[in-house]
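What follows is a group of structures, each given as structure tokens.
There are two complexes below, and they share chain A, which is joined by chain B in the first and by chain C in the second.
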Partner chain A sequence: MTESFLVHRSMRWLRWASLLVVLSIFGYVAQDPSVDPNGGSPVGYALGGVAAIMMFWLIWLGRRKRDYLSDVGTVKGWTSAHVYLGVALIFVATLHTGFQFGANVHTLAYILMLLVCLSGIYGVWAYSRYPLRINENSRGKMRAALFEDLKEEDRQIVRLSNQLGEEVDKVIRGALERTEIGMSYFDQLTAKDRSSVQLPDKGLCSNRDMKTVAEYLVKHLQNGDNADEAEALQRMLTLMGRRARLLSRIREDVRLTELLRIWLIVHIPFAFAALAAVTIHIIAVFIYW
Partner chain B sequence: MRLLIKTKLKNEESFQERTFLGALLRLGRASDQDIVIEDEAVPLSCCEFSLDAGELRLSVLGKPLVFLNNKKTLGARLRPGDKINAGSCQVTVLEPVDGYDAALAVFTERRGRKTTELQDSLRESLATTGVSKRGLSWLLVAGILLTCLLAPLLVVLEPELREPIRAAVMIPDDGVWDSGPLHNAHRTIGDNCSACHETPFVKVQNNTCLNCHQQITHHASMFRFPDVGLGEARCATCHVEHNNPSALINKDSRGCTNCHGDVATFAETKTTLAPVSDFEFSHPEFKVSLQVYDQKFAGWNTQRVSLSETNKQDSSQLKFPHDVHLNPEGIEGRDARVVMGCADCHQVEMGGASYEPVRMEKDCSGCHQLTFDTDFPKRQLPHGEANLLVPILEEFYARQTLVSQDLEPGRPTFPAQRPGKVTRMEAALREQALVMAKRKARSTAEMIFEETTCAICHDVTRSTTDTGQPSWTVLPVKLVATWMPKSIFDHKPHADQSCGDCHQAKASAVATDILMPTLASCQSCHGSEHSRNKVISECIDCHRFHNPNQGLMRGREFSSLPTVLNGAKP
Partner chain C sequence: MTKKYEIAVVGAGPGGLSAAARAAALGISHVLLEKSSAIAATIHKYQKGKHVMAEPSILPLRSEMPFAQGTREKVLAEWHQSLREHRINIQLGAEVTTIDGVKGDFRIRLSNEEQVLAENVVLGIGVQGNLRTLGLAADDSTFVEYQLDDPDEIQNEMILVVGAGDAAIENAIALSKQNKVTIVNRRDEFTRAKEGNITQIQDAISAGDISCLFDSQPIGISPVDSGSACVVTLSTAEGEVALSANRVIARLGAIPPRGLVESFGVTFPSEDPSSLPVLSTRYESSVPGLYIIGALAGYPLIKQAMNQGYEVIDYIQGKPVQPADHDLLAEKFHVLGVNNSVDEVLAMMQEKIRLFSDVNPLMFRELILDSLVHKPNSGEIIFRKNDYTNSFYAILRGEVLIKLESGEAITSKQGDFFGELSLLSGRRRSATVLAGDNCELVEIPRRCMNKLLNSVPSVKQVLDETFVLRAIQGRFAPELSIAELQPIASSALINEYQAGEAIFNEGDDADALHLIRSGSVSVLKTYAGKELPVSYVSAGNYVGEMGLLGGHKRSATVRASVKTQTISVNTYNFKRLLASNENLKTRLEEVMQSRLQDNLSRQSSEEAAGVLDFLLRQGLGEATDVLLINKSLCINCDNCETACAQTHQGTSRLNRQGGAIFAEVHVPTSCRHCEDPHCMKDCPPDAIQRAPGGEVFIGDNCIGCGNCEQNCPYDVIQMAYPSTEGKGFWRALFFGDAVPKPKSRTATEGETGDTSAAIKKAVKCDMCKDLTGGPACVRACPTGAASRLAPEAFVQTISERYL
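Let's turn to the complex of A and B:
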């Protein structure tokens, strides 16, 4: 069993981060109260300096993990430190604000940093939750393997479909072609099934979980009197049921994979935005010293 | 409807004809379509043909690019000769043929695969939203740099653009750098950051503050204490702006006690100030400023006396027993007994902070009338003019003896006035009248100076002039106007206390008593900054940093102090 980055080296970075938080809180509480706590007091400057260095370092993980030749610690160690120091940054930066907020670039930088940290915390939670669920859903198969299963299923369906009447064949082939997986990002996140089928009498209908085409086949089965055709239709229904299950598994795989990664849409761009805002914050503070 | 459909693929030479029977002719890429176009550019279901009142009608499904006679269309009635294009396919409406409702010619070109693989059609994650992490990062960074750095920077660096940018509502200005609201007192500065922040990357200068605050005075003498850093202190050390909530005056005592806790170390012998580090536990006993009369210079000196001194005495030289006046059974007034209270003599000043000085004419003369002759109860002597009293009395009595109709028995009488003749007193008689007046004046003066009117409140010494005449000197009186000039005390917040809680006047029999409250008296309610059950009292609650007796901060002394010190002074 591989060791999680969360417990890397007996949580060495959790201990360092805790120490940093405790020192920050102590410094904040013990500071000279001659002026209201703010980022410009000696303790405020110290907290701000530490927080700024931490932000630059935290964002450097993006470089470090791509630098395969580097021997400055391990990527796992870096990730462990990234997570714990990132959480500690919330405390350090919040104390640096002195709980003074306003409609300005300083508070903007703080909010962006908070979004980055909170999305990162979601990321840690997602990484502890979704990989297992993805594995359970796909029975340990990669997504490509699931699609291979689907292709095999479709080949069987098309071969069987040739034995049925022209109209039924057209409907089934159409239903295969009109199968949709995650047309939009939102559909992927909700595993929405927008598949449709063109029925001769009803036109284009929703074919969620292959239900409409199954109902169509059942109706044909009830109306038909050819025993061979009836058997073929029965087998087709079984195949359609298997296909529906396979599709929903793929959709769930897409959904879980996206939930595992969705936080990065916030985490990465807002990290750069926060870095820009913090840089401006520092420049502005010293321009208008 | 019954349609004749002629189909031709790109490489085929002749049309394949077939007949379509049905209400709706569907065209699209899907296998379930009536006309299947194997082109990825054509949607699964692209368009439909139907018969409407004998005319062929085209309806486009969704929003694919379908052109009718080279114009984009969503649906139309069709006439022979119309050409419909969708992807690589072209449908031409032909002239009607007998036995058919309409005839269509379809040209198609095989292009690409018939269907896309389902796996390929799954466009993963963000790609479907058209947003990438990298793109979003650049967008956010560029937006923030533009609005929060570039625009405000133009305001700072380009004076010509400053006002236009600040005036424009939609363009962010250096207001986005504003870390907190200005104090109420500074709100007139508005959003003009450069009013105080004159030079970029340079801290706000004291002289910038002093441009407006011209009357601000120093804390202590810059000459006596050149080394304690008062000259280098920044206004902004204590007066911090842009804090929220805004507190422009630093009330914390540490700024004071940093030096005054150990005042002897840096001030050495230059000060008599006692060290203080806390009001409740480490504050020296209050000192009062007494007025002491200097006989030699015939003037008043101020003397600082600690309330802890046992033999302290007020030296106003007035005779005044508070206890007699505050007797709960009353005191003899002008007409009857009156019960007096503090406010009968001590009147609150406008604003209620302190009390007006007690004055004889205003506060005492209601009872203490300067009458001198019971026969003339309305005649009074002037106050504060002791050396004029004898002449005034002589003049008064001379008038009585010389012209009055109504003098005491035994006075010389004057001849009655006759018409047409000026009455003249005989010289001997006049001399006698004046002697009588002088004698009367002296006896009256003796009485008021030594027994009654003056002597009640004043110490009077009697002497004899060269001519053998008696003369009286009243010891000058000066009541203390401000007992504790080095602190500020506001009576108004203490109005619910009774005067006697702090000033023990009812027990005071002599005017030499000092009735000012001691440190302990204040400490019964006021505590230090860490006090749990007392009013937290910081230095600045009673004392001022800017000492009105020191020079102005704005001026030569402040700005050129180092040269002065390096020059002539040792």
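Let's turn to the complex of A and C:
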């Protein structure tokens, strides 16, 4: 329906980034063979200068994204350029190193930059993969609407639960109260269900996917002989099944949404770390060389 | 012998109070009759602390009573004080049931059987009407209530809600959370209410949250001994039933005052419910000696009503007084450079512009007060083709040139009018208009013109005839003269269709061509027994040419996607048009070719039809520009909402969490800038306007009444306090509040600290018309998921995406 940032303006930034990479490689290969390729050679300086400016500009996306009055391009255009030039930076910076690595701040800066770029590449992959999966999982509903559905489901369950015996009612209400979505960050990433339920004879049990409470209801159904109650229990089982499906959909929504942005945890802090390391690298180079 | 007053004023609203105060100040014998137990009943019912606005600000106040904007309490306190100071003779609880007699000898009967005699009567009873009661002996008992202030205050009661309209349903649902509610419906289904409310009440009934008695109505209410409850007897389909209740809430609507006013002998110009009584420039109705002021006379604002209250007393006294708007009008006419009085200029305008000759002078004066008078230089552009302005122009002097698509220009002369196409269809201007020599124009805003159309049938008739003629000329036969077209135009019909109604069905005999005047239609084909849209046609275009040119049967079904008006030209006249114009046939055949191709290609994609069907069901048929989000690209970053909030005083006008999704298309809760905006329909200060670019926006003169919020069927208008600007980026970065969060659409209230001076005003999307670069939401989207499209464009993109 609309144009993705990856194909923005017929991939204008992919073309510019490719040109930059080709020129860098050409410069690197074509430099005076008597000079040992390193960051201090004329070509090395040039590549380093370009890479430093690029890093600063790439980080500037965070500023531009929040400058809502700016009409310097669109954020989509900036993102497109950010992605392609960010990938190009790997080439430019690597050539700048002249493949000389060591246990020093210079290599640290390089590794940090590499981590930022690679996490960014994961980000692009995540952005192309997860939005559709999120939409498919939630059947075209936003998360707020899913929670509305859950609230409505719970209302129906409570209303029906009132018609059942006191013990059953208590178990069901307890199961609703002890429903967990999320808990720890790791649980969210794995969509783990830590819900539990208090049963009269067994105490506190795990209630994954509402299974325990369903089993309890089935047992009640088998033992009972009241037709009205049996019918109500049947309906309750249906409701519980629906609730379990809805809950797993919500958990999956949380999981996918988290996977969509988990890379930013690496990308953003490491970008600033890389910027700091590069600053030290530049100062060090000018002072000690 | 009952005392006869010189003036009796009915209704103690702003107009009535002001009239009584003027009478008292002049020492005239008077009485002020008010049916309720307090003055200014409407303002009295406002919520506590509500800010009362004094619009229009340019109009000076002329009254013995003070009035300036302020809280409800302050305004009422001032009026109470003024009431005492002027020693106004007021009778509260005096409901007028009949008025008869003639000037100098009116007899006013009250509901308590008393009579009041008066020489003149001033009617200022507003338009709210009287609430319908249950019609039982117990109507006034403590158990029966006719309004509900705060449903949360009532708990654990048995409540009977009587009625089937929106108010009854909303009350019943709100009360059912903490109480046992039974809703009593006189009919066997809910049909009078909004669709959303009907769904809610049906769900609540089937879920057992609310009990419902259909085909029922209360026939008796008697208290039980303890006094805290009553027994309500109801007649139902199964016979009489008795229910006990703590409270009966009757929401039966109001009886509009028109019937009452007509019973006094006052005539109205048309059956249209919104039409206003016939009045002279001195507010005198068709009954001599009976004057009408305020909202009932068509002036809904407090200050206007107060000015009229003052003026009407002076008129009755025969005092020469210029209305308060005199100076404003004089200034407006200054541009004309004539020495005539305001009244003379107004009379001259009515004489010269045929369209307005039948309009009553008072209404015309009001119309001109809201209008602009221009004297453009020769060659100056009045409006351009594709502009979105929709005011209406009448030519007072000189001429204008209307440039047609073909490049030719038609001249329109003194007394003529133009701009009616955009006025009626809500669409872009269809031609550029230039001023000719010695041109003088009156520009009338859309809202005022619509009010006039609803009140004066002759204006509507002339406008409709001209519209048809020009539409046929512009669309099919620019070469033909008006005289040649006249017989064809006069046999053309104007048809109106409700949303969803079929204009014609696939397989029907083709009998006419339809030119869409307002609204839009969808063209549908049947796939495997299911009707799905293949295309969308907006106002200004035509449908049905295929049947007339090709076979004789309709090749597809055409349905109105929103309320739609069409002009139909029958086969016979259509053939006459074709015969008279060689080019027309070629042109129509080209259109038909491209449509046939479209239809064929779209038929092959059920998916595209599904998406189109979804979008039309979302009401996009009446949209001019809509925000769509591509779910396959949206990363839930909310930068669109943040951008909106940051560029619009901290409140986001779009809700990304809201709205419906189909396949990958999300229509978030955001303004669609409708062709005929629902929000504009009832805006007292006329604060909602359409910019030349098509943006529907709310101006600074919003009075916070909330009408637009209620009238918008898409929920895109919210009431919010203006808030302080967001912090700068660097300040926010280093001193906290890293990204100033957008306020959620629901939690704007009470967040901005000192709100005592500010009032909540309506806010909505203005498509960032004041920002360079276009809508901030779209520009801030990092992945390209958000886009704003016109309906024609999304039909196009959908085909591209799915074919």
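Things to note:
Definition applied: the second predicted complex is superposed on the first by the 288 of 289 C-alpha atoms of A that agree within 3 Å, B and C clash if a C-alpha of one lies under 4 Å from a C-alpha of the other, contacts with A are read in each partner's own complex, and residues count from 1 in each chain.
FYI, a residue touches a chain if its C-beta (ideal position, glycine included) is under 8 Å from a C-beta of that chain, and two chains touch if they have at least 3 such contacts.
Keep in mind that this is a model prediction, so the values were computed, not measured.
Using the contact criterion defined above for the overlaid structures, shared-chain residue A:T79 touches chain C, although it does not reach chain B. Shared-chain residue A:R261: touches chain B and chain C both. More residues of chain A lie in contact with B than with the other chain of the pair chain B and chain C.
Once the two complexes are overlaid on the shared chain, A:Y216 sits clear of chain B and of chain C alike.
Of the two partner chains placed by the overlay, neither chain B nor chain C lies in contact with A:F91. Applying the stated contact rule after C-alpha superposition, one finds that A:D67 touches chain C and leaves chain B untouched.
Residue contacts after overlaying the shared chain place A:Y110 against neither chain B nor chain C. Residues common to the contacts of chain A with chain B and with chain C across the two structures: 144, 257, 261. Residue ranges of chain B in contact with chain A, taken from their complex: 24, 26, 29-33, 44-45, 61, 115, 117-119, 121-126, 128-129, 131, 133, 136-137, 139-141, 144-145, 148-149, 152, 156, 174-181, 193, 197, 200-204, 238, 240, 243-245, 247, 250, 252, 254-255. Contacts from chain A toward chain B in the complex involve residues 32-36, 38-40, 100-106, 108, 144, 147, 150-151, 169-171, 173-175, 177-185, 188, 197-198, 203-204, 254, 257-258, 261, 264-265, 268-273, 275-277, 280, 283-289. Considering their complex, residues 207-209, 628, 630-636, 639, 642-643, 646-647, 656-665, 729, 739, 771-773, 776, 778-787, 794, 797-798, 801 of chain C touch chain A. Residues of chain A that touch chain C in their complex: 1-5, 8, 63, 65-71, 74-76, 78-79, 127, 130-132, 134-135, 140-145, 155-156, 159, 257, 260-261.
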